[in-house]
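Going by the order they are written in, the chains are A, B, C, D and E; count residues from 1 in each one.
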Amino acid sequence: MSVTLEKEKLSTQESKENDKSYIIKYGISLVVFVIVMGLSWVIHLMKITQITDFPVNFSPPVTNAIDDFVDFLVVNFAWIFDWMSDQAKVLIGKIRDFLIWVPWPFTILAIMYTGWKVASRNVGIGSAIALLLLGLFNLWVSAMVTIAIMVIAVLISIVIGIPLGIIAASSNRFDAAIKPILDGMQTMPSFVYLVPGIMFFGLGNVAAILATVLYAIPPCIRLTNLGIRQVDIAVVEAGTAFGSNRMQLLTKVQIPMAIPTIMAGINQTVMMALAMVTIAAMVGAGGLGADVFRAMGQLEQGDAVIAGLGIVVLAIVIDRISQGYINNRNQTTSIE
Amino acid sequence: MSVTLEKEKLSTQESKENDKSYIIKYGISLVVFVIVMGLSWVIHLMKITQITDFPVNFSPPVTNAIDDFVDFLVVNFAWIFDWMSDQAKVLIGKIRDFLIWVPWPFTILAIMYTGWKVASRNVGIGSAIALLLLGLFNLWVSAMVTIAIMVIAVLISIVIGIPLGIIAASSNRFDAAIKPILDGMQTMPSFVYLVPGIMFFGLGNVAAILATVLYAIPPCIRLTNLGIRQVDIAVVEAGTAFGSNRMQLLTKVQIPMAIPTIMAGINQTVMMALAMVTIAAMVGAGGLGADVFRAMGQLEQGDAVIAGLGIVVLAIVIDRISQGYINNRNQTTSIE
Amino acid sequence: DAIDDVTGSGLEGEGETLVFAGLNWDSALVQSGVARYIVENGYGYETEMIEGATVPLFQGLIKGDIDISMEIWLPNQKDAWAEATAEGQVFSTGKSLEDNWQSTFIIPGYLQDANPGLKSVEDLKKPEFQALFAEADSGGKAVLYGCMAQWACRAVNEGQIEAYGLSDIVELRDPGTMGALDAAIEGAYLKEEPVLFYYWGPTKLANTLDMRVLEQPDPSECADNDPALGCGFPTAEILIALHSDYQGEGYEELRAFLEKWDWNATNQLAAEGHYGEIKDDAATSEEAYRNTAIWYLNNNDAWQSWVSADAKDRIIESLAA
Amino acid sequence: MSNIEIVNLWKVFGNDPEIVFEPENINKTRSEIQDEFNQVVALRNVNLSINPGETFVVMGLSGSGKSTLVRALIRLIDPTSGSILINNQDVLQYNNQELENFRRHTVAMVFQHFGLFPHRTVLENAAYGLEVQKVDTEARNQKALEVLELVGLSGWESSYPSELSGGMQQRVGIARALAVEPDILLMDEPFSGLDPLIRRQMRIELKKLQQTIQKTIVFITHDLDEAITVGDRIAIMRDGEVTQLGTPEEIVTNPANSFVEEFTFDIPKTRVTSVSNIMVKPSSQEFDRRYVVAPESIVEDMIPLVLETGDPIPVVDSKDELVGVVPQEKILELVAQSARQEYSEE
Amino acid sequence: MSNIEIVNLWKVFGNDPEIVFEPENINKTRSEIQDEFNQVVALRNVNLSINPGETFVVMGLSGSGKSTLVRALIRLIDPTSGSILINNQDVLQYNNQELENFRRHTVAMVFQHFGLFPHRTVLENAAYGLEVQKVDTEARNQKALEVLELVGLSGWESSYPSELSGGMQQRVGIARALAVEPDILLMDEPFSGLDPLIRRQMRIELKKLQQTIQKTIVFITHDLDEAITVGDRIAIMRDGEVTQLGTPEEIVTNPANSFVEEFTFDIPKTRVTSVSNIMVKPSSQEFDRRYVVAPESIVEDMIPLVLETGDPIPVVDSKDELVGVVPQEKILELVAQSARQEYSEE
């Protein structure tokens, strides 16, 4: 019991010490803050411009170099860009025209069937109703145009993103190198590459898809990477212990087990791509984004809201179907 | 051994049956597809417009109603909006002016100290260099303006988002109700609410902050919700078993343990907010976004890239510091 | 091409598609609608429209993805236009929207009625009017919703404020985009709040809202008519622009038509008004603008002097159909 | 100290538990019910009466319903039917307020995976129960230090759980439970996550601790050795039912069915049998006072003595009267029986 | 069948393992090294020689380096220094190609948490090793069905692992390892995750299986009972070192230090001692042929016999010659020793 009492004293003492140390800590912070503010004030008062302004400006030479570089690319690689752009335009045009051409009842039935099969009955029916609403609000054609661009952009993101994700999962150096680039791709304003994009690929869907892919690809890469990395290490070791080489490990163990996470990445890619439709509309991609953009230019709140909701509805339909797929798959093949 | 042989036969038989069933499955799909396409063709040929076009258009009455509703709000609640707008404008103005006023060496030192303390030495030094670069590329003032808007938008997101996340964690119904709304907030093009936003709050930072908060708040709500929900059930049960009431459980167990996830949500909120700076500039918010937007309007690739990189640099600095904090915290208090 | 010649109508536009710039404001949309109808039915061109933002659309025009833009607001895109014409990428067939105007200092009608003393720019120097337009974060200065920072009129705004000695009285605020400026003005009118802004016409907003321009010196009082030196804006040049491909042979009739194009505020007002009435009945906005064009062509005959006689017949014929 | 009375307790997991009580289903086996209705019968008509101060062990295989039973006692799950009387009050009738009070004062639980609060120091963990009772800081820290002392963790107060070994973490769990001075201690496989040596040490310490604190303890384990060491009585569960209830000796020497028998294979009978069960009538009242044993002594403990002396050992009761003798043959018989059971399966 | 030779094996986890080998550090204890340099010495100078066909058990507490040792054998981790000779080839010198071949044909591993592929059926799991060897589908399915039959899983081929109980999952793990017909089977706590009854059953089945397949098995456990049941020899590890190596009998009857002694408390000596160790010279060459035992027999198995007859039991070797007798006293002595150790700590 004597021990306990001693301890107790110790503890209250400690807590008092803690109190004191807090005061000291905050006190010091306060003093430093006041001094810094005072100094700032003096600096401003004395107009010491070396400290208020930056002494040099690196901007002009760099911006000029960038301008020149873009011009150089446009002039010298025009033929490549034009060729790529032409291919893409034909393809997108075909898909778009097809989607518009198919009578809407068939499209709605197809989506309903897919939702039902892949996710659940409720998702199937809900998706059908949502699409019907799009039609009834006169957004069908725009929605199909948007979907066409979306499909291409997402396919490109997948085709490029998944292999990059796989490489990132197997190389820590590549992963470290790609991380700030991906961060950059998601925070860099699209406007920055939209104009050069148009200079390279011309106005319209291709530049729009470029912008969309750049913005939408990071989650695909990130979650492929993550999915493979978080495959239960015990299972990977089992694969290794049976003499799988790297390729076998990847194709027989890691990728199959990462599929739900990869699907989550694709889902996010689709969502990001949908978030880009208005930006895409600014470079002539048409679709629901253009409806929003036009309505904004004409100050038509109502039209903008309806078209905007159209985008939201598309997003939710796609999300629910793909989430349903992911959940179903997770349930069937996971241990525990 | 005889058993084994039988089994083997069975298995090859099964796999053959599988082959067959695949053919049937795909065959049926193909036939259905061909029939549907044929039907579509006939429909177009016969110009059955009931099936190619939608028979009714719900859009006009709804859009008019929305227009009227917005006007109604603007006219009748002007005083509330104006009041809010005035408060916010004063606050943002003060923060912005203060950030610009503090001489840059102090700001850089403060960030370096924070990064060092909160994350690691490398992060601290890296952040300082990054900020110095912003200054050297003549983006300092713009960056401070952007940060001022950011700070307000993120603070509002946190103040609203965390309580909503907590409610969502404790009520499955609220969670289900809020989910599509959050989806909607992230896919709804900002233009749609920017225009009404300006009509309510006037031009400038307030509408920009509204748009930013709407876009940036979902991860804060989602991850607070997730963080609380994924607190180890065993620990929550321990809390319950000792007779904690709901409030005690929340404040003493769930929230403290969810903090790393909540911080991840705030981190994402900041990133989203940064992704909105150019949109914010479209309603006159100034800062780096305005630099990008202006450079784009004047076809100055280089300036746009530099200003865009400025945003990226800000994003990466904030991200690395907050990630560092999250990781450090995770390491110290997690079991295993 | 050979097949076209055998089976075709022999019209200039046979087998050609003209891509119009889908600028997102009313006058451009209405003009494009009328022009499209005329070139389709009068000259046999196919037409398309690509919608987008101003800068991307101009880039498209340079590159050839856009063939024709019905409105290039020259003062605002001066540098880009000069560069592109110098490079021979684009050319103009003359003016489009006539009767245009712009002003940096506009106040709502209700405000002027309530403040009869506020008539000219000089009146802003009176403290009561300065306070009228002050906002919470303007430090007591009057706030002016100016021209978008990415447009050339921004520099004019700045010059005027400087020249009028309003630097310490007026804060020039960047609305970012046209849509944002429109929304801010509309919001202020709905709330009947004081607002001081830059705007221009003929536009839907200027036509529907009672805008009063504060008096400024006439442009002619400034050297080179440069408003930035302290005058009002002179009338702007708004051009119809084409991609350089259409400078060559085979497009003579098209160019002749566009050169004669004469679109003024009256036309615009009328067509825009009709558009507002019918837009809800159309399935797409493109269809609405087409119907507007048909209505316009049926109810006006000024256009008949813009086109060749053959073309006129064909257009009248198709309007009757 | 407090008694627990469990009456006709059922717990059915699933969306339609009532279906199990339909007359045509009530006798179906657990797996039939799971297959047919997708309901899991975790507890089936459990009746138990636990005495004050007793260490009561519940054992059984994984999924037999042990945790469900103990969690029902503290209402972490709500039973489907039946009643639980603790100190003659029906726990299942408590409203929220009463339940909180009951959990704060009457019972405390020690968890298999410790369930410590990783963001709190050892001291704050131990003081948690008092903190939710709104005991003031000083008093609760004093109490927490006391119980940490009791479980041998003095000096670790300001560490975080992650800085402690598994055994030490579980001591924190025990201290946390003891700090609220509960009448009843519930322990759900408290030592399962620990290394064998530490585990044995913890068992021994628990026995010692129990001599000090004298609580009613409900102890769950799937290890029979552990059950025998710590338990006054043992209930063996199977598929949600109590298949046998008795003292360690009763269970080992007299298994109710082949399932229990299989369970007890590894335990030498000598380890659970008490002397009173093998002693015989003394032939005379004279005996050698140097080697006496009590009737409750465990046979195993006296084997060396018996073999050393070779003589029958006198058994003396608390009043110092001779009640029997244990002849060497009896012990050897028991040893032989113990041995015979091992490996009999092979 | 194949022999394994482990020579001076070290494994140090950390960013600067070489520091441990500095002359001034080489004799520092594991915890000193951890505190000073933040390096973990998981294996310290391990020398072992494992014979073909032997079931070799490695046991020790958590963190003692058992897994590190067995994982080094299959190069899931690379040792810091030392060498591992398997069939006289140095495994540590293998290049990638050789290593893959070695893993495909020579060794196979069974994991504690099974490490099954959740996205593959039981059949596809069992056939995995053959699949990576690019054996054609028919042949590998046949082999997989064979081994599944062997472990008693016929009929479950097309189930997914998640549909199986723990014990069945581990059988799949064993089948997967057997399918590649390895010389050596490595088993890292294969039964630790299982229920006690199933666990005992699996042990017994493993013993039976071993009689059929006759592989070299390296078996890891932290349960001495398990070690004694399955092992021909046992190595006890502590802090990365082998602290004792011997037959179960040697270890139980003659623990090298107090640590091993504490480990072996619960094991009755009778359970590991062979008759040859307690028999005495026969007084005459005559003996009762009805009750003979072999010198390798375990004492415990003959206790009933001894106690029943009361006479000394003759011990007869394989040539049917009398080599000794076991008097009852000797057995009782051993029983007494076994008992004395239990609870001696209390």
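The rule we apply is simple: a contact is a pair of C-beta atoms (placed from the backbone, for glycine too) under 8 Å apart; a residue touches a chain by one contact, two chains touch by 3 or more.
All values reported here derive from a predicted model rather than from experimental measurement.
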Using the touch definition from the top, list the chains contacting both subunit A and subunit C. B
Winner on C-beta contact pairs when B-C is weighed against B-D: B-C
Could you label the subunit D-subunit E interface same or different, taking same to mean over half of its residue numbers are used by both chains? same
Centroid distance [mean C-alpha coordinates] between subunit C and subunit B, Å: 36
Whole-angstrom distance, CA centroid of subunit B to CA centroid of subunit E, is 54
So what's the Cα centroid distance for subunit B and subunit D, whole Å? 52
Distance from subunit E to subunit D - Cα centre to Cα centre, in angstrom: 32
In subunit E, what residues contact two or more other chains? none
Multi-partner residues in subunit A (2 or more other chains touched) are 138, 194-195, 293, 296, 299
Which subunit C residues reach two or more other chains? 55, 59, 179, 182-183, 186, 283
Across the complex, what residues on subunit D touch subunit E? 61-62, 195-197, 200, 204, 222-225, 262-263, 265-266, 268, 270-271, 300-301, 303-304, 307-308, 332-333, 335-336, 339-340, 342-343, 345-346
Residues on subunit B engaged by subunit C in the complex (per definition of touch): 53, 57, 59-60, 63-64, 71, 74-75, 78, 82, 85-87, 89-90, 92-93, 191, 194-200, 202-205, 207, 281-286, 290, 293-294, 296-299
Subunit B-touching residues of subunit A, taken from the complex the two chains share: 36, 39-40, 43-44, 51-52, 54, 56-59, 62-67, 70, 101-106, 110, 135-140, 180, 183-184, 186-192, 194-196, 271, 274-275, 277-278, 289, 292-293, 296, 299-309, 311-312, 315-316, 319
Please output the residues of subunit C touching subunit A within their complex, sorted ascending. 22, 24-26, 50-53, 55-57, 59-60, 63-66, 178-179, 182-183, 186, 204-205, 283-285
Footprint of subunit B on subunit C - complex, ascending: 54-55, 59, 79-80, 135-137, 145, 148-151, 173-177, 179-184, 186-188, 190-191, 193, 280, 283
